[in-house]
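Sharing a structure with you now.
The letters A, B and C name the chains in turn, as written, and every chain counts its residues from 1.
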Amino acid sequence: MVGASQSSQSAQRGQTLLLDGITQRYGNTLAVDDVTLDIKGGELVALLGPSGCGKTTLLRIIAGFMAQTKGHVIVGGEAIDGLPPNRRSVGIVFQNYALFPHMTVAENVAYGLDARGVDGATQRSEAQRMLDLVKLGHLGDRMPRQLSGGQQQRVALARALAVNPSILLLDEPFAALDKNLRLDMQIEVKRIQRLSGITTILVTHDQEEALSMADRVAVLSQGRLEQFSPPTEIYDAPDSLFVNTFVGSANLLGGVLLDADRSGGTVQLDAGGTIETRAPKGEVRPGGRVTVCLRPEHLRVDPAADGADTLNGVVEMGLPLGATVVHEVRVADGSAVKVSEPRIDRAALFAPGTPVRLAPVAPRLASVFAAA
Amino acid sequence: MLLTRRTLMQTALTLGAMHAFPGLTWAQARPLVFATFTGSWEEAHKAVLVPAFRKATGNADMVLDPMLSVDQIAKVNAAKNNPPIDVMLHDPGPALQAIAQDLVEPYPVEKSAHYKDLIPEAQVPMGPSPFFQVVGITYNPETVKTPPTSWADLWKPEFKGRVGITNLNSTLGTGFMVELAKMHGGSESNIDPAFKALEALRPSLAAVAANPGQLATLFQQGQIDISPGNFNAIQILKARGVPVEFVIPKEGAIAFKTTIHIVKNSPNKELAFKLIEAALSPEVQAQLMEEPFLIVPTNTKVAIKGELAKTLAKDHAEIAKKFVFQDWAKINEQRSAWIERFNREIKV
Amino acid sequence: MAATLRNVTTYDLKLAAPLAAGFVVFFVTPLVILLALSFQTDPQGGHFGLTQYVNFLGDSFSLGVLGSTLWLGVKVTALTLLLGYPVAWLHQRSPGWAKGVIMLLVLLPLLTSVVVRTFAWVVILGRQGIVNASLLGLGLIDTPLKLLYTEGGVVMALAQVQMPLMVLPLITALSRIDPNLADASSVLGAGHWRTFRKVILPLSLPGIIAGCLLTYAAAITAFITQSLIGGGQMLFMPMYIYQQASTLQNWPFAAAISVIFLVAVLVVVSIFNVLGRLSRGYTNA
């Protein structure tokens, strides 16, 4: 019943998930503040943010572990707010996997089917099919404690998918894995998600994980949704200073907006020089104070630079990072600026104390936000 | 921890040798040890008997070591040659056991100044009796308006479900059974009538207490209204404001001799004798007769006064008339059989 | 390096010597004496044999006392488990401050003596006690119920008196269960009852077994509570032993009863232990 036919149905089309104005209040604090996310069927969305940003609360609200103060959770066009967790058709993989330690791997995977009253034979064959999917078909008789962390996670994934849920929730699933295994598992999970076509929410505080795995990333800060966009857009065109600094690294430079239109702006930097930027975000008018965000790879050290956008500074430190080299440069207004460049031709590092000139690698890369 | 194997071995050997040849242990000079009973007995003896003893002996050292009769016997039995106790105090049952097990010395009657003044029942050569315990009927005057006058009153229909007794583990319970037997034509050697009478009492029984102390609790909780009871125990309850009264039934009060004994092989025989003499003396007994102790004197030189005269007996002549002493030698012969029978037959 | 290690080990063993000596002197020796005593054929000593054991095991009354004592333990343990599990569960699910309050309430009885706790039950169960007074006041009964000196009363009082012994291991066991497991179970489609039956209950089994073991052992040997609440006519093994040893001075028989009781309890305890080992086998993740 629950077998191949249903999962092949969902293989191409997962359920849509709409979080409609979700607010969660604990006493006087807003854990989640009016968050709306419209997630397409089969999409993998990452909820990204530092701890305490509300991403876990959102996950628990979707799963039904807690009732939101306001707003609706709508799956496939139907509100599921009134349903308890066991009737929501949601699968979840916990950070610590939460496998039932007193059951075998196969029993773990079959647990949800058993709860749904599926007969024993089907339970066994379906559990076997799910274990094969996560490449653990030979370990069904083991106890969870006999498996490695990566294997346990595959079991948790198989267990969550076995009941053919509408939505799959992944709660920091890779946090407990060591770095090498983590990448393998990320690829594996993405493969399985593509294969099953299930709408998936990935909760993480790891920006690389979010950017590499997700179709779209929702960045949360202090309960508010900062930006909900594809990963490249999050990185290249952040909507807020928070997103710009939380995702990737950024040099923050103070300045005054000289001029701006839809396509870009010009900022007079406190450190000297005038820089062409992307269109400013937020309430800011020419003449107003702004913060300019320049990613380290947007700058280069150029002894020959002499344009209006040239910054003069002194090298504080040079770090060779294999493929790239990073210099920290003290500029005129006293701020430290990081510059990351490809390390071409085994170029030597600049010694501390060397005066250098910095220039943007291209115009209109920097983001501009109203000064905080 | 510098215990070497050698020192351990030496210690073990020494202990073993001491056990194998008890004569090896040398008698130590130690204070006189008097094993009294716990509770009100200990208090009374501390307040009256010990000071009298100190005065009589020029402040000789002594220790009160209160414990049950059974424990006294066990302790002395365990070290017969060098007993840790010099003077024992016993109810009639255990007293006979101690004598049978050869744990006590005969009392040096010819040396005693007070022995001849004791009432005849208290003159026991193996250990005289300085005090009596008296068992009569205890009742709650708030619920029992007409004071009972006879043991037979316990069977009255109005006390259905209100009567308390104790099982035969206690001297009180056993004594009561013997009294029942006697009322119905039995005796110390024929207990059958008592069990029949108890069978008839069953509908009236509210509780069979495990010990006399529990009877006090049962009165306090209103669980029972009437029961056989120990005069001294009732005085303590009364003093605490529990509504209880004590009355001697017309059949007479059941009296137990509490006897005091010099332990065989005691290293302090002379002091032990002096302590017992003090306990038999009219001065100590007169003092113990007063509030709050109210202990019945056995020395005929003590004039009975106060609460005792009011509730129990005016003088020793009346004591002789009103108190019923039982034959505990005969009782002991069959007591275990009775207890077993009680275990099996009396289910409330 | 190796030398240092060896020194450390021997030092540790020496530290245990006083304990071992104390164990031998205060536990093993009396037990051996007890055993020796139980083979005496009469209180005066002299002859040795199995008379006392034959007397006990051949007597339906004595066997009845043993049976009713073991059965009393079963009833008390069952009631304690039934009442204690929800308390432990509540403790597990409560916020921090409430946890403290529940823990205090659970531990409070341990801070008073058994005698005091038992006397409280005398007051509660008596004719004029709280239970009867409330029932009379509510007009549910006309005459006070007999609660004191009944087996039901003994079971109830013992269950309360031994409650901490059940609740504490349960709290420990429940607190060791990952709360995510219950969540995982519910998203997989299990209702509360299935989650409890399939996940929480099996995983708390070590605590249940430890609690039952402690409660059972404490309940059947609770001389004070058994005699204060049960009274003088309800005979359980501890009172039976006391009666034979203390009142009747029949030490050989008392010793034999004690040995039989000890063996019976050991059998029950080993059954619990086997169960415990089985349950620990799969719950230690």
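Here is the rule we use: contacts are C-beta pairs under 8 Å (C-beta built on N, C-alpha and C of every residue); 3 or more make two chains touch, one makes a residue touch a chain.
These numbers were taken from a predicted model, which means no experiment stands behind them.
Visitor: Going by C-alpha centres, which chain would you call the most central?
Guide: C
Visitor: Could you work out which chain's C-alpha centre is the most distant one from the centre of chain C?
Guide: It is A.
Visitor: Can you check how far apart chain B and chain C are, centre to centre, with Cα atoms defining each centre and the answer in Å?
Guide: Measuring from centre to centre gives 35 Å for this pair.
Visitor: Between chain A and chain B, what is the separation of their C-alpha centroids in Å?
Guide: Centre-to-centre distance between chain A and chain B: 87 Å.
Visitor: Between chain A and chain C, what is the gap in Å from one C-alpha centre to the other?
Guide: For chain A versus chain C, the centre distance works out to 55 Å.
Visitor: Please output the residues of chain C touching chain A within their complex, sorted ascending.
Guide: 178, 180-181, 183-191, 194, 198-199, 202-203, 282-285
Visitor: Inside the complex, what are the residues of chain A that reach chain C?
Guide: My answer: residues 63-65, 84-88, 90-92, 94, 96, 98-102, 111-112, 115-116, 143-145, 159-160, 163.
Visitor: Under the touch definition given earlier, write down the residues of chain B that touch chain C in their complex.
Guide: On the chain B side, the touching residues are 1, 3, 68, 70, 73, 97, 161, 165-170, 173, 206-211, 214, 217, 221-223, 335-336, 339-340, 343-344, 346-348.
Visitor: Which residues of chain C touch chain B once you look at their complex with the stated criterion?
Guide: 14-15, 17-18, 61, 119, 122-123, 126-129, 146, 148-149, 227-228, 230-233, 235, 239-240, 242-243, 245-250
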